[in-house]
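Two complexes are shown next, each including subunit A; its partner changes from subunit B in the first to subunit C in the second.
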Partner chain A sequence: MTIPPDSIDVDQVHRDDTSDGSPFAPHDDSEVEEMLAAVGVDTAEELFDIPESVRFEGSFDIDGASEQRVRQRLRETVEQNEDYTEFLGRGHNSHYVPSIVDRISLRSEFLTSYTQYQPEITQGFLQVLFEYQSVIAELTGLDVANCSMYDAATALGEAATLADRSRRADGNRVLVPDYMRDTHRDVLENYVEGTELVVEAFDTENGQVNPETLENELSEDVVLIYVENPTIEGVIEENLTEIGELSDAYGALYCIGSDPVALSLLQSPGSVGADMVVGDASVLGLSTAYGMGLGMFACDEEFLRQVPGRLVGASEDSDGTRAFTLTLQTREQHIRRERATSNICTNQAWVALRTAIHAASLGPSGLVSLAEKCHRLPERVAAELDEIDGVSAPVRDCHHFREFKARVEPDARELAADLREEGIAIHALGSDEIQVSITDVNEHRTDDFVQAITEVMN
Partner chain B sequence: MQRHDQTVWNDTDVDGYEPLLSEKGLKEVEIDSALPDDLTRDSLELPELSEPELARHYTRLSQMNYGIDSGPYPLGSCTMKYNPKFTEDVAALPAVSVHPDRDAESIQGTLQVFAELQEYLADIGGMDTVTLQPPAGAAGEFTGIMVAKAYHEYNDEGEQRDEVVVPASAHGTNFASAAMAGYDVVELPPGSDGRVDLDALSAAVGDSTAALMLTNPNTLGLFERDIERIADIVHEAGGLLYYDGANLNALLGRARPGDMGFDVMHFNLHKTFATPHGGGGPGAGPIGVTEDLEAFLPTPQVRERDGQYDLVEPEHTIGKVHGAMGNWLVLLKAHAYISRLGDSGLRDTSEKAVLNANYLASQIDLEIPFGPFHHEFVASAGERDAADVAKRMLDYGVHPPTTKWPEIVQEALMTEPTEAESKTSLDQLAAAFNAVTEEGEQTLAEAPENTSARRIDQTSAARNPQLSWHSLDS
Partner chain C sequence: MSFNVPEDRRYTESHEWTEPRDDVVRIGITDFAQDELGDIVFVELPEVGDEIEAGESFGIVESIKAVSDIYATVSGEVAAVNDEIRDQPELVNDEPFDGGWLIEIETNDDLDHLLSPSEYSEQI
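Entry: the complex of A and B
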């Protein structure tokens, strides 16, 4: 049979599966009838025990659409984003994510499960999280890693409140470096809102901590000293051990902000006296994803009972076989309620799974060579930029990781705007500095980048 | 859970069902860097395996994990419903991943999705404005309470209002979130019908009340029918009314928190809007507020003007609650889900979720107090240990309910089937409940027997914490 073309209502074809009700509720009419009869009502409406005065009779004016239409519409929407090669970093970095990460993490047994309240049927996820904790423990050189916070900023907030709970002496000062990212400091300020803690910034020199300057700020009432390695400017901190000695001398806890790729190469925080490590672990496993993250959190065993969030531990089942379970849950909000060590329930477990797979797929050799690349590439690009008239790079006279600042004239913002015309995004910091992040993700366009700056500056 | 009838390939003789990566092969790499020695570590020791070995390792582990695609997951108050597959493809579009410091002009697509989702959620919640920044439900609670606090401070009542009232049956996160914001928590005892007791409420609120945090329907699955009176009592005392959105799935398109008198609310996108819970996250916990509270929202806020999207700072913003803009990929999935369903799909969701809860409750031979139920109910295991009941249910191939909570029901089994279960699967669930009810204490105490691990010793895990492969007893 041939159907005359004008008799086909294309819209109807697209809408047929959404014109009535949810496509994800599997009931047919006869089942609904049977169920209503079993409950003893005539219509489902009768089950809604809602006073007339607050019933909603209106519409949201949201037209349901077919899967195909929704995908098409959202694709067209997000494709309005300009397609730039990003040389942006400043605390949000990404590396190439191998396909195995997507393919495995999208297995629905992982993706569609929830917190492992029944360990006997969630051994798979628990083991991955145990392995994630183990990788973070190795990288940080600390005993205990939890299996995720939301992001670097909220992890730092939790570190500060841990310090507040664990402080050995009276005190309420949290010291952070002046280079710290504003957004992260802002989150920290909110996290300490319910405590007596006060956040203060200390001066740094040439982009890193000068222990003498820091010591001038120290007194017995400091509960936490926070520094980053690498810093938000990509500076590799040279005085980590001295800072650790100072924090010990004044009875403060010492927290280092970093990430798993940097930690594959740089000094292990445990070896320089750090009590805690926070940072964004999603540099493995996720793209920049508009800042969606994975809060890394590790600490010395001394603070085990104060750790926020979920911990997976090894145990045995009744056959004596090794098995994994969430443990030390008496710290958690569903048991200790207002005395919990944090309010976190849903965290970023699936991102932790992706990070664990990414780390495993690189292995120690791959992690170290990726990290070494993050040191060598920016140094090379900085040297090339330094050859250009009007550019001096890097601004800091020190070692760099992923990122560096460069001084430019006449105007950094104009330069950034000109580069956007070439499809390249960089940070303009004030009127005369730019910051550039080079990793394996934009490595293939570094020659274009140097060339573009050369042309703009001429 | 029945063992799958398939060959299990075990490639080592190490104890345990699937060896740890570290047991399959650790490698220590000496660091030889262009950097000075004193700035680098000496070595790094981690597993080093080939991609085929890793693919098998993780596939095996996935087979040792139960998700909503594996079977029913009626975990009360967690709203574990089916997640459509297409949303993952939307979240994987190349144009989706942008750096959070990109200028607004260059990411109009991302900002449009934000603005549309803000609008959808504001409409669904009956609120005036929504922020998408909080990365989870509890983060939404904390944000909402911080906004309430900023509001009171702005009105010079910050010091005076130092208490948050929370019903005993509320989610534990409510207590913790209020405490994190620096509040004293006043626990509200339940009324005899499982709902808020108005006299107890009147006694609990006053000049020092900053807010009442309420879940509606509450965690017993009961709608707070006196909600307007509750709102009046709280407002007359000068407090704000906070809506915990954990149970919003029961109300979609039928009642809106804003219309009930709530001033601030959070949404659990990973619950109501079917974005996968991912083994415990990521979720997203946007909050909605009335006009009076808009000025205090986190920064930045996405705003549309003449078809252009921009990022603006609310006048008296509390600042930030996440380093960037929250869990963008989760937000995108929620947008896709809502625009797929539309009005009729959203309304049908609550209808089927509520029908399923009431039908399942009618088929279970256990005491189920109170009712009628919205999308969840709490059965009582009576003299039996609810945790043992749950362990035995695992043997019937289903995920059990939330156990031993809320504490106002003896040995609680808090059950939420969601709209995604068919009558057939509800009947199987009921059969599992009823079969377990018939079984002897000994069977329950020894359960489970058909799972990838037998009953796990929680006590020794806590007494002798082994939290990484470095600390495993050797």
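Entry: the complex of A and C
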């Protein structure tokens, strides 16, 4: 008998290829029984000590599917995405990631779901993390960088708790600028929950910190002052040195939020008195994707023993050969328990690897060229937009990096919707402002972008 | 292995020693303690003027693979801190009873509650 083609169960066919049950676990019932008998239990559930009260008894309602079918479904889902040219930004910025980054980071020696820390077998990975730390230390002008945290927001949370631990004078206030992104502030507030710390926002003027206004907020009970450079609006802060002097005068620690590309061009945080730098280092090595990041964390050597997360150090083995190892582990939770500097127990090692490869492939001059582009392009496009009737750009009368805000009339949201029709995505901020991010990734479409706005506005 | 237990001072079960001096008592960790910890790489100490309580942790000794609290043997005000061990923590290994002392405390407490050298020797 011939089975008509449309009645073949593709999932069943492919499931039979691998196993009788789960297509991903090649064990049949008899093998499972054999294994259970070997360890002396009747069911797999007996292997887990999960209290009844928290057990999920229902069904997940997920149908098994073959690998081929899963791939088909994923492809169909991905094809539903609209293909926009993004000018979005506001904390998530893409740069072109050279193919060498994929080529090296996808090698099986590096690509593993396990964070590689065993010095005996992972000298290569430890060396890469050491190089990553070195790049970050050099760009920030600070002495110490850890080998990464989850994201910029958690790195800032760690900066706040470090300040709390390190500052001898009494105090519990963490000052952040009013331009700070809500989501980062939320994480920060969550992070300091359970400590005495209180997060307060101070007013800024024209998108950046006015030292006089800041000083009005300062007193001896401030443990940390946080500012960003560039800010979430792309503004380059002009008063970093003055803020550093103020933090010194009041005994607060000073933390700057930034990223490795911006730091290739902007004032080095170390040179303006910063004690710490946090931010998202994944602007190198990773395209923007679903909020994933790479928490950058660097600080002055004074705080070496308070640094959260892991540090890789260079040392020598017994034969005098250069070797790499995790160092200062006595700060960590597996040794110091409740007195550990942080309870983040893993990090973004593989993303840090990609960032290190990207930075190395660009080299110092390549990084500076990229950063210069991120300064020059937005200013040029802002000037072009400013020529259009109904558009005023940039809103902030100052220098920008990657991004700027523009005022539009009559309605920013309508403009953003009209531009989407043209395949262009921008942020509408309220009813009369848009924000535009321009980097090497979308620079080839800036003329189309200006043209599209011109047409839509007319 | 025998450890040095000087007769001129008193001890705790947690391996601190206390030496009465003219106006203060000097505190450190014992020969046995430094040997157990191994190479000491960092010592965290209070500041002069800090008030400390008997039985409470006043500092931390870090060796390559362990971190230990150091407990105050008496209550009082920190009168002096051995600054040399900030730069040379190995002094605690080399001279636990001399150059590796940790802090001096101005106190009104007596030392009767602490172990005698012979009692401490029995413990280790």
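Throughout what follows, the second predicted complex is superposed on the first by the 393 of 458 C-alpha atoms of A that agree within 3 Å, B and C clash if a C-alpha of one lies under 4 Å from a C-alpha of the other, contacts with A are read in each partner's own complex, and residues count from 1 in each chain.
We take it that contacts are C-beta pairs under 8 Å (C-beta built on N, C-alpha and C of every residue); 3 or more make two chains touch, one makes a residue touch a chain.
Quick caveat: nothing in here was measured; it's all calculated off a predicted structure.
Chemist: Does the subunit A-based superposition show subunit B and subunit C clashing or fitting?
Modeler: fit
Chemist: With the two structures laid over each other on chain A, which partner does A:Ala152 touch: subunit B (first), subunit C (second), both, or neither?
Modeler: first
Chemist: In the superposed model, which partner reaches more residues of subunit A, subunit B or subunit C?
Modeler: Partner with more touched residues of subunit A: B.
Chemist: Quick check on the superposed pair: does A:Pro364 touch subunit B, subunit C, both, or neither? Answer first, second, both or neither.
Modeler: first
Chemist: Going by the contact rule set out at the top, does A:Asp411 touch subunit B (first), subunit C (second), both, or neither?
Modeler: Once the two structures are laid over each other on A, A:Asp411 reaches no partner at all.
Chemist: Could you look at A:Asp221 and tell me whether it touches subunit B, subunit C, both or neither (first, second, both, neither)?
Modeler: neither
Chemist: In the superposed arrangement, does A:Asp432 touch subunit B (first), subunit C (second), both or neither?
Modeler: Touch partners of A:Asp432: none, neither subunit B nor subunit C.
Chemist: Who does A:Glu245 touch here: subunit B (first), subunit C (second), both, or neither?
Modeler: Touch status of A:Glu245: no partner.
Chemist: Which angle, as a multiple of 10 degrees, do subunit B and subunit C span at the CA centre of subunit A?
Modeler: Roughly 60 degrees separate the directions to subunit B and subunit C.
Chemist: Answer with first, second, both or neither: which of subunit B and subunit C does A:Ile104 touch in the superposed model?
Modeler: first
Chemist: Minimum CA distance, subunit B versus subunit C, superposed model, integer angstrom?
Modeler: Minimum over all C-alpha pairs: 5 Å.
Chemist: Is there a shared patch on subunit A that both subunit B and subunit C touch, and which residues make it up?
Modeler: Comparing the two interfaces on subunit A, one with subunit B and one with subunit C, the shared residues are 329-330, 335-336, 339.
Chemist: Which positions of subunit C touch subunit A when the two form their complex?
Modeler: Touch list, subunit C to subunit A: 41-42, 44, 47, 60, 62-67.
Chemist: Would you tell me which residues of subunit A are touching subunit C in their complex?
Modeler: It is residues 168, 305, 329-330, 335-336, 339 of subunit A that touch subunit C.
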